[in-house]
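Shared between the two complexes below is chain A, which has chain B as its partner in the first and chain C in the second.
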Partner chain A sequence: MTEPRRRHRVLMVSDFFYPNFGGVENHIYYLSQCLMQRGHKVVVATHAYGRRSGVRYMTNGLKVYYIPWLPFYLQTSFPTLFGTFPIIRTIILRERITLVHGHQAFSTLCHEAILHARTMGYKTVFTDHSLYGFADIGSIHMNKVLEFTLADVQQAICVSHTSKENTHLRSRLPPEKIFVIPNAVDTAMFQPDPSSRSQDEIVIVIISRLVYRKGADLLVEVIPEVCSLFPQVRFIIGGDGPKRVRLEEMREKYHLQDRVEMLGAVAHANVRSVLVRGHIFLNSSLTEAFCIAILEAACCGLLTVSTRVGGVPEACSST
Partner chain B sequence: MTGERQSDVITQTRNGQVLSYVCEWMSDSEDEGLRTHRISVKTSERSLDVFMLVVMACFCASLAFFPSYNFGSSLIITMLGISLSMWAKRNRVEQEAVVVMPTLGIQLETVYCSKKVDRRFVALDKIVTPVISEAVTPVTSYFYLALILREENDLLLTFLHLRPSLNMILPVWRSIHEALGTKISSAESFIQKTS
Partner chain C sequence: MEVKACEELEARRRNSGSRGRWRKVLYGGVQEGYEDNYTGTRYDEYTFLQEMVENANVRKRSLLIVMRDSVAVSQHACVVGLVGTVWTHALNGDLGAWTLLQLDGVLLVLGFLTLILTHENLRPASLGRHAFDFTMFVVGLYILAPIFQTLTRTFSSDSIWASTICLLLMHLVFHDYSYTTVEPTSTDLDEAVTNLASPTTPRSRADHELLLQRRLKERSTPVTFSANVSLNASIIASVLIASRLPHSLLVFAVMLFSLEFFLLFPLVTHHMRRRSLHFHLAFSCVLIGITLYLIYNLNYLVFTFFVIVLFFITVVSPYELIRIEKFKDEITGPWDEAKLSFSPAASHWETSSTTGAVSYCATSSEGVRLDGE
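This part shows the complex of A and B:
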């Protein structure tokens, strides 16, 4: 005889949510939708983005609180140890929350919310999405903060075994408390379409933010070599960022304007239409806890080639 | 012309203050005639003690900080303290009311502790609709009732000093909708679903 499932009222807290776009934001959104389908109630709290502050409702009645606290560095709120206590407490009491779920170690709002929720006696869960270092001064401080915050958390979730090891070493959380739940893609959104691939050339697709961390410099070295070795190969590069200038320079220097196509920023709704045009997906990131882009590409029927870093060997299984 | 009728009183206790909501109407039937939705605040007996405490503190501070005991200057400082606390008490709001007149309009009224009354009238054709929405400030979050006016960019806020709870604002919102003559059935079911 199964006992009736308990309904939770979950508060997801993170500095990173829509309209900012990325893996963490997608994860929070899809997780909230799946939890609501199972009957739980979910509320999301994040900081205000520009003029978007206050309460907004998303699909299926997902309530989002955009709290008007200043973001001060890379979209994270200004860290005041007790400053966010009044508003977090008000939200928790208003919505009758039973469980607080914080995302992303880099988010100060998440740390403060977990701290205040534990002060008030609520259960908390923490999910880590990225790998972090140990050596530089920013990482040392952040790891200490993480150790402090996670000392009392109920459970922690990491997206890969590499990430679990990383979180355990940084925060000294016992491994029994950390669960590994890999990320997933929505297969309804990413369906293959072999007819849109060209038959006579091989197309390599790259879609990522063009920043140092995603290996844009590697691309600048690799693309001219591949183009000179294999005349039937074409590249499609989607995405924008500070390194885009370097890629444009490379195109000019090696006269690859017809072999390398730069699309600029690609909206998430159009990613699938770009992916199905290719045969191979290339991911050159320097560090990755778990690469969802690889899964999306594999879901669309592309072969994936990636740098062997972080959690990538767990995401894409062969060599 | 019959006398006044009153609905049930809804109360809410918050930080030592007791807010009570009452709805009065003047005629026989509930559906016609003007209705007054009044929210009043009763601060507890502690506020009188706070006032006396401020006065005594000023007196003692003035005695302590002067090396030679000088009664005249300490009296001046005590007077300053008394006037400061009286000014703070005067600006506090005692009652806020919304009077709904079915074909004429809506009147917002604010009564201060010093018995000063602020009134503002809005004609019925200037109002597009009343809305209940949530405000999020850096320290708190609350429901508010506002009127959207034609040809004006700002919302006209009601009950902004007292900030009553949702179950006090809902009857006011409903009666403004009745005065405007618009239907509210679909919106109300959404409110019940998300609460």
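This part shows the complex of A and C:
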């Protein structure tokens, strides 16, 4: 290359970041690390989590601002429209930011930061991670907020084509402005290990939060059927949630204690060690923008079986 | 290995002069010549929003049926109007305690008779239990009447009237009108099936039917949160009014009258509606007539207001609902949450709806890994 590539100074803004844990948090962290490897500068801004407030540094000098702003509902910060303007402006000027990147439609901090960044004339990008409906009052309200904020963003990123359609309908953003960039998985962390698999039986692994949206009720129905049809099948269920009781109830009722193993919550670092024990990965979500768990499982060499919802058919096309 | 794969992809990208057909996949290999924001321009490859369905679950309403069902709302507004009239007469001193007590007794007997005639399977034992419960309730009310009478002596009448009217409005807003109008429909049945889909469900068909019927029976007397709010608001309103009355016997009579209408009357109308629609409509008309007559004697302004409200409920609102129905634009698509619409037998899975389809998409692990790198 004759001309050096342009270096960006990116501000990632979202209410959701470590120590909170989930897909968005992971995505922001890995995206920041990759951008830094490519020579860009990245700063993350989120709200304070408990006593974690102020500036922290993470791996490779990733700077994180924990803005002392109280969360009020599901970790989203209290919406004030202009309340965060001074601090966002200070961060942008101090870090000499060139691009503001907001994450997750549910995050009020992200909306406000995009608004302030546009006010100051900076370029903005928005990433949508989830699918939402149109029918209930909460969704209608959020879609209106999204339409307002995204009216002026330069580009938006969605994780799947289904998510793109959804975002286009919700925010009225022209489809040319929406880019589909699927989530990536760290292949170095998820290597197959055929030696740890059982040879004489088939192990089906399920790792998800045990909630209604992840189809825990479906599992309650499926597991006894499968167990009665195929005597050589065993299940390993990782994850915790309100529906765990129902699964345990099912296990008691059908006397499947020796065939259904329930691990409880599994830390992300230990996910691989659970995955490599199985032959098949089962995802039973009722809605999913993009299932990173399927990718991780496939990466570990498992066959993946999933419900046909949201962006899942795109991620694992049957061709 | 990674470098090799990348080079291979790069080579493929360079070699392919003509771009292939675009597919709606994320890791389907390289989509040569297509940008990440590609939406599809050619007719044959335009898949954007292809799976969106508009107004899939919308049922057309008929004006007559909506008007017919709105009678239940008017009926309840009349109940409130009627009770309000009796309160006003009692407060003005036009209505003696004994007259009102006799009226209470007559209404109570009439109510019970209607219930016996209209209820499908009322067993004598349960009737006896109801009678006993009610007697205890009346005795309790009689004992408490002096307390009610002096409850709000230190408050001004204006505040009492204001809060009573607010409470009555709250009662009207939160009242469970569907209890009198709606019969169990097929959607309720579906819901019952979904609720039944639990591990404790017996697998045989006959048992399932039995459970379903039991569940539906339970549904026939639903108690929602808003219905409770509504009932409590009306009872507080009665207590507030009763506390303005001159002596405790009148307090007792007025409280009994209010409770008969707010607590027991919905049960009677519910069973009346279930037995016969015409009976329900005829009774509602009589009730509306009585209420209008009583209010007409009381105050012209209130009467006019009440007529306008009734007209609004039975004519304007249904008409408006039908008129704006054509603007309804319900969007469903693959992004919607799938609904569990299976019956306990696993063989029924294939018949579930398009969005809720529980189908399998499997992929070989190698394929995904190569594309993911």
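The rule we apply is simple: the second predicted complex is superposed on the first by the 316 of 319 C-alpha atoms of A that agree within 3 Å, B and C clash if a C-alpha of one lies under 4 Å from a C-alpha of the other, contacts with A are read in each partner's own complex, and residues count from 1 in each chain.
Note that a contact is a pair of C-beta atoms (placed from the backbone, for glycine too) under 8 Å apart; a residue touches a chain by one contact, two chains touch by 3 or more.
Predicted, not measured: the structure shown is a model, and the values here were computed from it.
Peer 1: Check whether A:Lys253 is in contact with chain B, with chain C, with both or with neither, and answer first, second, both or neither.
Peer 2: After superposition on chain A, A:Lys253 lies in contact with chain C alone.
Peer 1: Does chain B (first) or chain C (second) touch A:Ser53, or do both, or does neither?
Peer 2: first
Peer 1: Is A:Phe134 contacted by the first partner chain B, the second partner chain C, both or neither?
Peer 2: The answer is second: A:Phe134 touches chain C but not chain B.
Peer 1: Let me test your reading of the model: by the given contact rule, A:Leu35 touches which partner, first (chain B), second (chain C), both or neither?
Peer 2: neither
Peer 1: Tell me the contact category for A:Val266 with respect to chain B and chain C: first, second, both or neither.
Peer 2: neither
Peer 1: Name the chain, either chain B or chain C, that contacts more residues of chain A.
Peer 2: With both complexes superposed on chain A, more residues of chain A are touched by C.
Peer 1: Write out the stretch or stretches of chain A touching chain C in their complex.
Peer 2: Residues in contact with chain C: 131-135, 155, 160-166, 168-169, 175-182, 184-185, 187, 192, 213, 215, 217-218, 220-222, 224-225, 246, 249-250, 253-254, 286-287, 289-290, 295, 297-319.
Peer 1: Can you list the residues on chain A that touch chain B in the complex?
Peer 2: 53-55, 57, 61, 63, 65-69, 86-87, 90-91, 94
Peer 1: Enumerate the contact residues on chain C facing chain A in the complex.
Peer 2: Spelled out, the residues of chain C in touch with chain A are 23-28, 35-37, 39, 47-49, 51-52, 197-200, 330-331, 333-340, 342, 344, 346, 357-365, 368-369, 372-373.
Peer 1: If we count contacts the way the header does, which residues on chain B are in touch with chain A in the complex?
Peer 2: Residue positions touching the partner: 133-141, 193-194.
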